[in-house]
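By written order: A, B, C and D. Residues from 1 in each chain.
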Amino acid sequence: MAIVLGPIQYGKAETRLVRIVRDTARHEITDLSVSSALRGPFGPAYLDGDQSNVLPTDTQKNTAFVWAKKVHPDPIEAYGLSLAHHFVDDVEPVEGARIEIERYDWTRVEVDGKPHDHTFVRTGQEVRTAAIVLDGTAEHVVQGFKELIVLKSTGSHFKDFLVDEYTTLQPTDDRIMATSLTAQWRLTDAAADTDWNGMYAGVKAAMVSRFATLESFALQQTLWHMGRAALEAYPAIAEIRLTAPNKHHFLVDFSRFDEPNENEVFHADDRPYGLIQASAVRDDAAPAGDAWRPFTGLV
Amino acid sequence: MAIVLGPIQYGKAETRLVRIVRDTARHEITDLSVSSALRGPFGPAYLDGDQSNVLPTDTQKNTAFVWAKKVHPDPIEAYGLSLAHHFVDDVEPVEGARIEIERYDWTRVEVDGKPHDHTFVRTGQEVRTAAIVLDGTAEHVVQGFKELIVLKSTGSHFKDFLVDEYTTLQPTDDRIMATSLTAQWRLTDAAADTDWNGMYAGVKAAMVSRFATLESFALQQTLWHMGRAALEAYPAIAEIRLTAPNKHHFLVDFSRFDEPNENEVFHADDRPYGLIQASAVRDDAAPAGDAWRPFTGLV
Amino acid sequence: MAIVLGPIQYGKAETRLVRIVRDTARHEITDLSVSSALRGPFGPAYLDGDQSNVLPTDTQKNTAFVWAKKVHPDPIEAYGLSLAHHFVDDVEPVEGARIEIERYDWTRVEVDGKPHDHTFVRTGQEVRTAAIVLDGTAEHVVQGFKELIVLKSTGSHFKDFLVDEYTTLQPTDDRIMATSLTAQWRLTDAAADTDWNGMYAGVKAAMVSRFATLESFALQQTLWHMGRAALEAYPAIAEIRLTAPNKHHFLVDFSRFDEPNENEVFHADDRPYGLIQASAVRDDAAPAGDAWRPFTGLV
Amino acid sequence: MAIVLGPIQYGKAETRLVRIVRDTARHEITDLSVSSALRGPFGPAYLDGDQSNVLPTDTQKNTAFVWAKKVHPDPIEAYGLSLAHHFVDDVEPVEGARIEIERYDWTRVEVDGKPHDHTFVRTGQEVRTAAIVLDGTAEHVVQGFKELIVLKSTGSHFKDFLVDEYTTLQPTDDRIMATSLTAQWRLTDAAADTDWNGMYAGVKAAMVSRFATLESFALQQTLWHMGRAALEAYPAIAEIRLTAPNKHHFLVDFSRFDEPNENEVFHADDRPYGLIQASAVRDDAAPAGDAWRPFTGLV
């Protein structure tokens, strides 16, 4: 019975990179957090401290910066694909790479009704994400977002659920439904001319629209239909995964006060929260390979 | 030499209150964090554990909820004034009150180009704030915001500064200037018909516009002129205070790489950061009284 | 080509549960965050909004509370096993369950050199974790911790690494090595009489000791040897996984100042950070099944 | 009616400084966050962008690092006093300075029962703080801590409070009392030979002991008596200020379940929380001057 090395990977996380395009007086800004993980024959580094195959994480950071000059990082997916190929194609021992990118959105400021050339305000709504994975010869792109906080103030039921001896929840036909949505969708075929920014906007709009219009009988149902809406809108998407905290808004009990509370005043609770996870997949989707194998967390 | 009780206050902090207006199918949402602090003859509670003058913080929470039904919490300033007056006018021993409110903005979702009746997405940019203070017979309103993140990619210099033996910074005529601005402005005369929402939008626009158009020679100078712009735009503002971390964006050194970096690729650093504080005040402003005496932090 | 439901699960996250044992004047405290995820035939809830098989997350929360009375939640692993069995064995449609627990440690206060009966101070070092998984008939326990921040001020090298055109890092034979360690280890056979608290303390001590005594040539190597130390110390551990940010401490450049800096003054940087992941496994380990399938994050 | 410059200050915040003493094989570690604010004739920088009196915040950072070599930063108060005097005494235009320091505690690791020479684990309980202020010729030291989380599981009442129409809280003679305490105490006379580390430990112990032993009738009362205990123990302390969130632990309602809950199972709530502030002062204390004028926040 021997103890052997299991899965490994290493890289640089959260390089905060800002790229300004200033070829004309009208500047553009791209604001990113870039992480890279390398996979390959790094066993000797772990077992024996032999670094000869190890490209330092400091070098990975430098490369992310240089690549932001070589390849414009908007859309982030094209930049990530190029950076991943550099690590796998140009650095001898590297066999696989995962590039994770977060993009923070900025809005151009208006002054006297006209867009300003070089001043921006952070938009701050959801964070756009991308994961680019090279896995042997396969190329995966997982586009997505996190922290998209949506709420509907009616059109949400929760009733006819399983009741056991510890169940005290009352059924309802009118509640607030709110969540901070994380969604990631995997592309089967990342064509060179993919309109990444258009797809991002389109998927988000399709999901938010479905969230708004679907009469909800559970967050589970809402998530599934949001995911399905994304796949219906974009045939190139093979699969989508969603995770959604049920951000509870409790109706405040006014029974002892001199006012009624007819679904008007709520307490937005922090914890605990329901956590609902869903996924939708095409039944003929190409294999996911390492597409979903994460960088952070446990290997 | 005796040990005596110094300044005191107590209250409830961060009641997360969501108010839905649903009189018609087209709902409205107001999303707040409400804190209240009471001031008055509470010495016996501290010295002897005698609670007879102490309105529980739990009651303050209940009252904030009920008040959101009695007085629509939009604008937050009118709601806060009414709540503060309730504590001071209706609860016998209370002599002064401070209501602090944070407001989180939501945007109505569009579906097929039309605004949806009851679905919203959290906007997430800056947090609007208000502090309402009753101080004896004086009434103070401090309107403001925090976490307004603005950036200009040129038009910012820093040079001709004091140099000593520990100075290594190089002067520059072209740098990124970015900050996460906190600003609060005090009203001398909170007239009953004040257009609080209009003033908020106007002050913010005036400050962002000045940030954009002023050629900057220091964040200090930029802050002062932003503050002055607010006072110039609204005569009712007696005073404004600003605090602004200088969110450093360092040009990445490409000298050893095969690419130039002509103010294009930056590292957005977390810490340390410069912290610049400024204020602008009318020379005939009415006294501030307790307007700036905070709730959180040390008394 | 159809769109079908992929992996799903749902549950209640972060129920903050405090259990006081007060059978005698000398109280005991156990302070937990409990999360539960259920797996089973919940497809109709997603596809059609049919909740008849869905035990509400609110009920899961209630059950976690009641179970803290029925089964003393110290050690957390025994409590988690009992709670997981309740969901799988007693609630008809549930087929699998994952219980995740965080434990926050408290130290009994001393007054005049004697331990006080009912006063505690939060210890606040690492957070102890447990994941208990019922997966068909298999029972998995994954014990661990997160946020164990360790540092050695010498005895760490990094050199002889791969150098490419973007490498600027200098090799070193003396640096600070620091990390905020997350480690989780999987038990092959959770015997009823396992001394969970003893094992936890023993694994932690073995890993910290190895961290201290191993001359390090890379964080990769240090992690592997820490993991191996755990498996060497406890034959019941089948596998261990570690993830460790390399918390960089950069030597401050004093070359322009009137003082030398001989590995004495460092800047502790926030981001970016190296992120190193490792695992050690017995070559005859029983299959992991769903042991590592997480609750939070994407399914 | 003119608009004029009000209060100003500027500085560098949160320089994360780690100092290793390695004169022998047995190393020592001091881990700090250092912030400095300068006060003086900086009006031209604000009004006109004239930096000639402005010592860059980057220089302040450099100086904090160099000073950690010149003056051992343990105790932090002596280091802070020296650094403040450098800014005020050695840098011509500077008239006042505030140095704020946070200290993160590390514990030496034991290996085989013996303390290890150069390996440490972050202790992580409370954060020790110091503020050193030079204000004209006056010298102030404010010692303190934050995030000291204490809890007593009995010995706490809350009853006989003021009841109005919005009061629903029930009185109790047995509840959990818990808080995350921030305390700061001001020294009247910072003698050169003050045992800062001894005083810190002594004040903390006196306050924790009083928290444990005092039968509590309100958090207000507990805070006052903790503050008084500090002043009784150390005559050099002129004044102490405390701020304490009442971290509510709600008894979970088991009335519908098959178990009693006799003050045994609690839900630790996040928000809202009571916030209680107190202070104790000697009636002949020397004036505080700028001792309490903060760095961060609004001027």
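Everything below uses one rule, namely that a residue touches a chain if its C-beta (ideal position, glycine included) is under 8 Å from a C-beta of that chain, and two chains touch if they have at least 3 such contacts.
This structure is a prediction, so every number in the text was calculated from the model and none was measured.
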Joint neighbours of subunit D and subunit A, given as chain labels: B, C
Of all other chains, the one whose Cα centre sits farthest from subunit C: B
Result of counting contacting C-beta pairs for B-D and C-D, higher pair: B-D
Interchain centroid distance [CA atoms averaged], subunit B/subunit D, Å: 23
Interchain centroid distance [CA atoms averaged], subunit C/subunit D, Å: 30
For subunit D, residues contacting two or more additional chains: 15-16, 62, 66, 166, 168, 257-258, 270-271
Residues of subunit A that touch subunit C when the two form their complex: 1-16, 35, 37, 42, 45-59, 61-63, 66, 90-93, 157-164, 166-169, 182, 184, 216-218, 220-221, 223-224, 228, 231-232, 239, 241-243, 245-246, 271-284, 292, 294-299
Contact set on subunit D toward subunit A in their complex: 165-166, 168, 256-258, 270-271
Subunit C-facing residues of subunit D, complex: 15-22, 27, 29, 31, 62, 65-66, 68-70, 106, 109, 111-112, 116, 118-126, 148-155, 176, 208-209, 211-213, 249, 252, 254, 257-270
